[in-house]
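In order of appearance the chains are A, B, C and D, and numbering begins at 1 in each one.
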Amino acid sequence: KEDDSAGDSAGSGGGKKITLGFSQVGSESGWRTANSESVKSAAKEAGYTLKFSDAQQKQENQISAIRNYIAQKVDVIAFSPVVVTGWDAVLKEAKAAKIPVVLTDRSVETSDDSLYVTLVGSDFTDEGRRAAKILEKVIEKAGLKGNVKIAQLEGTTGAAPAIERAKGFKEVMDAEHKDDWKIVVSQTGDFTRAGGKQVMAAFLQSNPDINVLFAHNDDMAIGAIQSIEAAGKKPGKDILIVSIDGVKDGFVAMSEGKINAIVECNPLLGPQLMEVVKTVHDGGTVERWIKTKEGDFMQDQAKAALPTRKY
Amino acid sequence: MTTTTRWRALTRHNLFWPVAVLVALLLVNIPFTPDFFAIHMTDGHLYGSLVSIVLFGSPLILVAVGMTLVIATGGIDLSVGAVVAITGALTCSYISDQKDQDALAGVLLAMGLGLLAAVVCGLWNGFLVARMGIQPIIATLIIMVAGRGVAQLITDGQIITINSEPYKLIGGGYWLTLPFSIFVVAAVVAVTVALTRRTALGLLVESVGGNAEASRLVGIRSMRIKIMVYVFCALCAGIAGLMISSNTSAADGNNAGLWIELDAILAVVIGGTSLLGGRFSIGGTVVGALVIQTLTTTIYTIGVPTQTNLVFKAAVVIVVCLLQSPKFRAKVFGARAKTTAPATPAAAPAEPAPKMEVS
Amino acid sequence: MAEPQPVLEMTGIVKEFPGVRALSGVDFRLFPGEIHALMGENGAGKSTLIKVLTGVYTLDGGTITLDGRDVRIGSPLQAQHAGISTVYQEVNLCPNLSVAENIFIGREPTRAGRIQWKRMRKEAAEMVDRLGLDIDVTAPLSSYPLAVQQLVAIVRSVGHGDSDGSGSGTKVLVLDEPTSSLDRDEVLELFRLMRRLRDEGVAILFVSHFLDQIYEICDRMTVLRNGTLVGEHLVRDLDQVQLIELMIGKALDQLEELHDHQLHADVGESLLTAEGLGRTGGIEPFDLDIKKGEVVGLAGLLGSGRTELARLLFGADQPDAGKVTIGGKQVSMSAPNDAIGAGVAFCSENRKTEGLVPDLTVRENIILALQAARGWTRPIPTAQRDELVAKYIKALDIRPANPEARVGQLSGGNQQKVLLARWLITQPKLLILDEPTRGIDIGAKTEIQKLVVSLSEDGMSVLYIAAELEEVLRLSHTIGVLRDRKLVARLTNGPEITPSKILETIASGEQSGEQQ
Amino acid sequence: MSTTTRTPTTPDKVEGGTPSKAARLLSDRRLPVLVTAALFLAMYIAGLSRYQNYGFGDSQVFLNLFIDNGYLLVAAVGATFVILSGGIDLSVGSVIGFTTMLTAWLVQDVGLPLLVVIPISLGVGAFGGFLMGYVIHNFEIQPFIVTLAGLFLFRGLCLVISKESIAINDSAVSSLAETRVSLGLGDLSIGALVALVVLAAAFYILHYTRFGRRIYAIGGNEQSALLMGLPLGGTKIAVYTMSGFCSALAGLLFMLYIQSGDPLHAVGMELDAIAAVVIGGTLLTGGSGYVLGTLFGVLVLGLIKSIIQFEGTLSSWWTKIATGVLLCAFILIQRVMTTRKKA
């Protein structure tokens, strides 16, 4: 099916329109959907033909999608890998077919660095580190004295963001707060609000003295806030909350004073990706890792930032 | 003598083992959370672990109750999770479009809309299974796959957050100091029990599940009954969907009710209903669902490391099933029972033994 | 006959089920080269004894010796290895497999582990042929009626010895009511086979409720009552009356009276008319007229289409031609509901697959049809229900008389009675009974026949199918004769109609008697 | 009764009707497989005409169906055994995931050679299946539940080995993974070839060994099979062992396919396997079906996936909806075609 043939004019340098094959992980969260939308609209704006496929969180689907892109002879392949490992074979096929590959969102482990051109995206471990750093500020601001008892709401067990965010956070904690910070409980909330709420309710029963919550994403934090309130405590005051992502609802909660700080993980990397695709297609060189523009937000910045939140 | 016979009668009761496991699981928490059974007033409502088990377990109980009837007819419904998602998505997106999200009429209408969608899903499942004769697992797989897509289509792939006090009541609110969802569950369970045991529906369902051909030949309109149970199951899933979305005041098309079908089926089986169809027990299902929810809560509170959650769950499931298996009990406890009570068989009278316990 | 060593000896056998003591201290001996009848009323414990012997149930007490050695048989497989072949009461074969496979499964001819299908089919065809059956052995078993399935089961168990080639062969052959659904021809064929095996030295245990058959073929018998041993006798030492008295445990008075009963004459106007009703592959289009209070019997050989005819009248199968009028109104026979709504009841010959819901209780099974007719919204009031159920349990003498017992745990005969009760309770206008006396003991059989007579006197019409021609003749006003799945004749009963006359009609396929 | 005269030579036994009826019934049993195969072809041709310009017609695209679904085929063959015997195995996906983790861990972290690791993994999978079969048979617990516990257990064990995925850089693995066997029309991977061999072996076992026929018998009627003196327990346990083995083998193929172990690999793949078996015309109640049908079931699922990828414009949720709709259309058409023939 030939579509979008009307948008030809915007193509690169008047030549043939670039065809980009993009394999998305899935649509497991609002963040991911915003990411997909960003890629789609940016591709349209840039006038590329976009072949988009959703892998439903399965690596095998992504691999077969990439194979199909190779069979269809697209110009550039981009994908957000479901997992970091296991891409060598299919990337070698792409290389053999002389199709450049751009990673988005996260990196892969390969034996041969030439298998992909560049990575556009953030780094989950770094987000964990930033979360720990900003927690320092939050604690200082709130004037919390004594031991910091942290409850951690992890993402889906085995999922990379969950593992790496926890890793980054722990790294900083072990290095700088070995004595005064302690993660007293840690469980998976599956990145969902319902999960966050349920797990937090149980935490508050078994460890009523928790005073800090670190959630691997905003949704779990929002769920946890409800449980904290149900237990008669004040989120943001009795229990300080730091989370990652920066979705709109997170900012709303932060502007209400219920979340103390958010580490942003920006999904809107479509435009950046399109630029990279064009450069790569035209044979230009790009950096190995193009970081997305992201910020850390404290409560006082929330009100101002809220209107700019799109997703 | 009388105590031993009473004890034996008790252990023979079909709810004995599930309840025993439930109690055991609750007790496991004590060393980890000493005031596990404590319940106190907070903000004008009761608060405590037991309350939250019931609160968070409500959706599972609802889905499992619906699932029980489907399983009793010899079917299975994999689509409940998707129905949960669709109902929540539709209701929340309707409410979020309203100017005044607190308007009761709007909320009711939204809920009606959501439940209607659930009923449509149920009708479709029933149609495929009863009318077209497609195997239930595959017939309901269709909505399981497509339904989540539909839910995400409705929510645009985002989590829709709403801010509606009346809607919050169903799944997250309190009434008479208790979670409102307890009342919803109680009502649904009561209606189901009444529907199946006060009318002849239960008998007909068991008959269809027990021997479909014989049921046809006694003139039971099994097609109608099957469609009915699938619709009922979807409706229960729909109510659970309202509850889940109301609990967090948000509709998550992708994650709401994810894998709830497996837990529901597990609850039904722990409750003593056979997956082959026939005899069913609503009471057993409720206990089964509580066992699963307690297990989940226990995992959270006793500090099982996340990576061993599933191993722990598997171990408990295996233990429950082994305890419920008469064969296992005979093999493990049988030897001991024989040595401790040799008098009982000898003393058994020649006349017919006492009437069996009837539920 | 000098007392040789028994091949099988069971002593002090005890078997308990929760709430029931099915066998209490039964002794049983079986000698090589004899055909030994196991007798007793429904629920006496015959099948249980057989299942204990073959390892289906574990025994709770007693010993079994085979060839003088103590044995513990833990499963039917072990029983087979020990040389015991069994045909159980309910047909126990795999409906999804072909006839040939059912005969051979577990011991298929193989070469280097590979099944030789051709050889297996050929041998199966020969074996089936030897019993006088002419069927396609590659067709799935489920495509044949119960009687054929029963024969296949017999072929399987008998064939076990010969084709094994192992030399050991069958020492003991157990047949639990194998003749209950066979007609005369097949029975004779079976008997011929049994005699041959007996002469080869096989010990045969035979269960049947047909006393004539017992007297025809058996040498010795063991009588059970209520799970206890009543006695062991040589068949020639006991006459039928004595035997029955042993079985039921009291003097016998009313059994004979049916033999010379008069068919009542007040047959009313037409109740059901079928015109050109038929189904391709089932039965050719036929006309049939059943009057109010009339008993119509169907006669025919095995597989002649009696069941098919009955099923069409009930809407169990959908006819593809013809119409049915009941009470002056045309009824579309698209589903059983239509027929039930018009007052037709159908008691299937195959109680296991088409009749009972084994997991439900006796009470629930009995009220099922009535409840279905009332619809789910109108449950039968508890008091009325219990009264009705109690009444029919008593009337049909269902044992155990516990309405809470699971039907699946009842003895075969008692299950049949539950099925009957289910339909009697709906008080239909036309009652179709397909082999209602299958597996029912002699006392109950008479009861059921008396019941049919009294029902028809009260104005109920009955369509009666039974393997025994005498039974049909005794009860029916009119007899429909079927042959090759075609209704070939309708005979009005009278003194000149005898079993041989009917057999002649079947053989010639023509209406030799007077036209209706 | 005793007075009955011998039947005069009855010209008995229906001749004409029987064979044709039998033939009809026989063909009925194979019909679902034929219909599935025909529908698969129809779907493929439809895909051809729609995506011709995108290289759908390339024979490699067809062969990719085997390469990309080889592991699923092996898993589905295992599931076919279980389903034919009247059971069900929900642990398939988890065992696959577990095998990838175990092999990756053994090869990468422990440093065992692949040749040692393969039998270990297969053995562990088969042993897992054996345990489940043992519990199912000996304690008479419903297979659905036992294997559900297996699902939790093996997934849990994956995470116990490691929460993170493990890449395999073993040269033996990558050379195996990258080996392609040319068929003239295109290439097949080792995984695809193994899958085809497994399929052939399964066909032979099911139709030409006593064990295979026992599986059908047990699926047809377990109680009867027992009374007919078939070794019920042994067969059932063997069936689950076999399924465990197939799952582990599928796990190895999957490991080859993606050259890594990850605790979240193959989540929910049991449903794909069961769906493939059922689409292939096997009855979930057991006793009826063909392993060839399973092949077409797997191919149909793979084709649906390919078509959606070729379409290339579907957003995430439309992908799910389209999968459901295609599946539904397929099942309905299959159903209508098989019933019309019967009437």
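In this section, a residue touches a chain if its C-beta (ideal position, glycine included) is under 8 Å from a C-beta of that chain, and two chains touch if they have at least 3 such contacts.
Quick caveat: nothing in here was measured; it's all calculated off a predicted structure.
Among the pairs A-B and A-D, the greater number of C-beta contacts is found at A-D.
With centres defined as mean CA coordinates, chain D is found 36 Å away from chain A.
One simple way to say how far apart two chains are is to compare their mean CA positions; for chain B and chain C this gives 43 Å.
Chain C and chain D have CA centres that are 41 Å apart.
Residue positions 27, 32-33, 36, 157-158 of chain A are each in touch with at least two other chains. Shared contact sites, meaning residues of chain C that touch two or more other chains, are absent.
The residues of chain D that reach two or more other chains are 159, 163, 315-317, 319-320, listed in rising order. Chain pairs that touch one another, listed by label: A-B, A-D, B-C, B-D, C-D. Put simply, chain D touches chain C in their complex at residues 1-15, 17-19, 21-22, 25-26, 29, 207-210, 213-214, 216-217, 219-221, 223-232, 287-288. Taken together, the chain C residues at the contact with chain D in this complex read 56, 75-77, 79-80, 86, 88, 92-97, 101, 105-108, 110, 113-115, 133-136, 138-140, 143, 156, 184-185, 188, 210, 212-213, 215-216, 281, 301, 303, 468-470, 484-485, 499-500, 503-504, 506-507, 509. Chain B contributes residues 198-201, 203-204, 206-207, 210-211, 213-221, 225, 278-279, 345, 348, 350, 352-356, 358 to its touches with chain C in the complex.
Residues of chain A that touch chain D in their complex: 1-3, 21, 24, 26-27, 32-33, 36, 40, 50-54, 56-61, 63-65, 67-68, 71-73, 83-89, 92, 109, 111, 156-160, 163. Those residues of chain D whose C-beta lies close enough to touch chain B in the complex are 135, 138-142, 144-146, 148-153, 155-157, 159-160, 163, 271, 274-275, 278-279, 283-284, 315-325, 327-328, 331-332, 335, 339.
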